[in-house]
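Following: one structure in structure tokens, then a few remarks.
When the chains are written out, they are named A, B and C in that same order, and each has its own residue count from 1.
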């Protein structure tokens, strides 16, 4: 029941993305805005680098003691009148949530933005149970109308242009005057606000994710800008938090420490508009708030990542900085990655959660430029983890045979310097001769990926080592 | 300060008589530098290698060129650790007995300086050797400025140049200001910065061929920025990146010359540029300018 | 589903190579939770009360909150009436049961007051914050009958009173105030840290205010603390 992925079709996804002019136009927007904003926010806080180290250390400590923090967290939530459910996989998580919804006769569920709910395919499960799931984050609302999945973990509709939004609103909001003006973004927002306001109030259940789960107090924390998450979790009678197990944090101070690098890394804001700590259902003197509070803790492959070379990936605080800085993401957008998590963090996490046989393309489609690691607030060594996936694939003979053979042949020669020199001298002379007229070749066998788009510089002729050897011989010099 | 060292790797770990560049004070006297040519320079563009030798010798180094094939990075990045280890060991064996290892490439120097230790981290016999080797390995331009204290080069060159910051050089080896410092010392050379000089060119080794479409999209963005900068010439410190960008500029019919930065710093620009031919290449009388 | 719970926790332990009931690990966890030590606190916002307030004001304005400063709590009705007039908003206000707000002279300022949680039809609401953090111009509001959470999100315009003395330099300062009030390890149902009015950039990265929460956030800083607390 883990949501369907098209990651195996990465190459054809990429083809589609590169030729999608609307998408390319939208992606051009991303290229600088978020990168520059993060840089400004980081520069404005002298303690930023230290705070990154601190955030990394807190996350590492939690992972080393994850079982114990989860147990403490659970205990505290129950003390505060909440319910905690553990789910080993997507199916279990969806069953728990639809179970709660059905038991309360729920008809509609409003949702705050939650990537793990995408991962487990929650909306589809609710729909199958006859329950309407309504996304309330503006970006998520728009893509839900379009029947799409999010293309970024923070900005779900980043692949769309304004006219796409207008088109969709006109198509779906039938009850409104078709002659109405929807020329600017403000009116689009106002329209969504009005429609969703009614949904918030009518909802039977509100489902949110959680950025942090605090063991000290049994609190869940959501970090948002719109206020939809808060309306989702405050108005309905039942609030369900769905969160993956690694979200737990020791105490409030540790949460504050990480919060400081979260928004700065994600959007370049010093602080998001709403950071809300929710602890259990309403108290006896509360006049608003949910009557029931549930937390569904989802494993779905994460406990298996602990203790492996991929444990560092679990430090991720879902800020999206890595994909904001990634030249591959800029070129193809998030949908090409084929599943819930795009960009560098998706390239590492996806094979862990859906298998390297399905997600294997993703860690290969990287130049290892390192901008992701540079930007990561918890210093996850993303290129290194992608390389580990490549090692795993190599061990399992997953790369295409042609590639493995080529690599093996090259390796054979490279380990035998004399043979290497003989073979390369010949090849370079031939290529040099072939390209002598223009200094480059426009076609190379076995390298269409290169020459389809670029010329290939012709070798100068004699290799450096051959010339060096000859020079030394001619000079009759001895090395001192 | 010892001018050069004897074979100093012991079985118990390594001691080095190579001077510590961090210690301040004067640069080493006639250090013995083993040139890691890099497979691309060796096979495709030896002139960049000879430019590197000239720069090192002019700075007072004794240059040796041990027999070599490749640092193993293609195998390493493809997940073939076994081949990567064999090639790393081959390099370490071949380059023994020198004060420094210098490569005209941020990514090859980075492979040795940052990744050789990882390759042998679990090997008690080799981890010390790898760490010592890594500590002695430098990229060419940063070696000249940071270790040999070279502040300027005595060449003349007329032209408008832009410099691309290759990813490994920038992020692994910290190369940013050093090439710019030396380029600034050249009379007649005007350095213009392109937009997003620090953004990847899309080479990424086998990525350029395996995911050619994405690589093309990235390099197209890059050539756009190069053109917009108004420069007549593109320089960088990594031949893979240079071949990628030169190949795209050429396919786009752009007349921007591409060279390895060592060639300009050494005043050795009389060969055709990367991807260019004898016919197109303007004579190298730099005084007459371009 | 205790089967799932035990399995997951056991998986984690196995992955870590940790034995069940390992005392050292448990102590490490207990110690960190108990100590709850503040980590690195930014220098920004630290200093005297006036310095903190100045930074608070600067930061809050940078995120499109508006600020007014009054001498006494009794000055707030006039300030709020002015604010509503200046923005062509009707002189009506929803408040909670906070006694500090309850005893102010609203009628004298020409303001019509409704009390209790919001049901979504209020244009303007007024809350009393427990404090603020200067470092990002952030307000801290807690749930309860005095200042219901719905007042923070449903109305179009949110006005918040905060005592100057309650503006801490950092979030940790706010957490300390909460600890004083509720006891360590205890939290009310909801604590909202609010930084500016609601916003979204989901349409082509254009920054728009008033996504679902309030379009406007007006902060009234009171110089002289009243001395009394709501409860």
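The definition used in the following text is that a residue touches a chain if its C-beta (ideal position, glycine included) is under 8 Å from a C-beta of that chain, and two chains touch if they have at least 3 such contacts.
Model, not experiment: these values are computed from the prediction.
Nearest to the common centre of all protein CA atoms is the CA centroid of chain A.
Highest C-beta contact pair count among chain pairs: A-C.
Relative to chain A, the chain whose mean Cα position lies farthest away is B.
Chain B and chain C have centres, each the mean of its CA atoms, that are 54 Å apart.
Averaged C-alpha coordinates put the centre of chain A at 30 Å from the centre of chain C. In terms of their C-alpha centroids, the spacing between chain A and chain B amounts to 33 Å.
Contact residues of chain A toward chain C in the complex are 26, 29-30, 33-34, 45-47, 50-51, 54, 58, 61, 64-72, 74, 76, 80, 85-88, 92, 96, 136-139, 142, 155-158, 160-162, 165, 185-186, 188-190, 193, 196-197, 200-201, 215-219, 225-228, 230-231, 234-235, 245, 250-254, 256-257, 259-260, 267, 269-283, 285-289, 297, 299, 303-308.
In the complex of the two chains, the chain A residues touching chain B come out as 11, 14-15, 18, 327-328, 330-332, 364-371, 373-374, 387, 389-395, 399, 403, 407, 410-411, 413-415, 417, 420-421, 424, 428, 436-440, 442, 447-450, 452-460, 462-465, 467-468, 479-480.
Remark: chain C residues 1, 4-5, 7-9, 11-18, 25-26, 28-29, 32-33, 36-40, 42-44, 59, 63, 96-97, 116-117, 119-120, 135-136, 138, 143-145, 148-150, 152-154, 170-172, 175, 185-206, 208, 210-214 touch chain A in the complex.
Against chain A, the residues of chain B that register as touching in their complex are 37, 39, 41-47, 49-50, 62, 64-65, 67-70, 72, 74-81, 83, 86-87, 90, 167-168, 171-172, 199-200, 202-219, 221, 243-244, 246-248, 250-251, 271-280.
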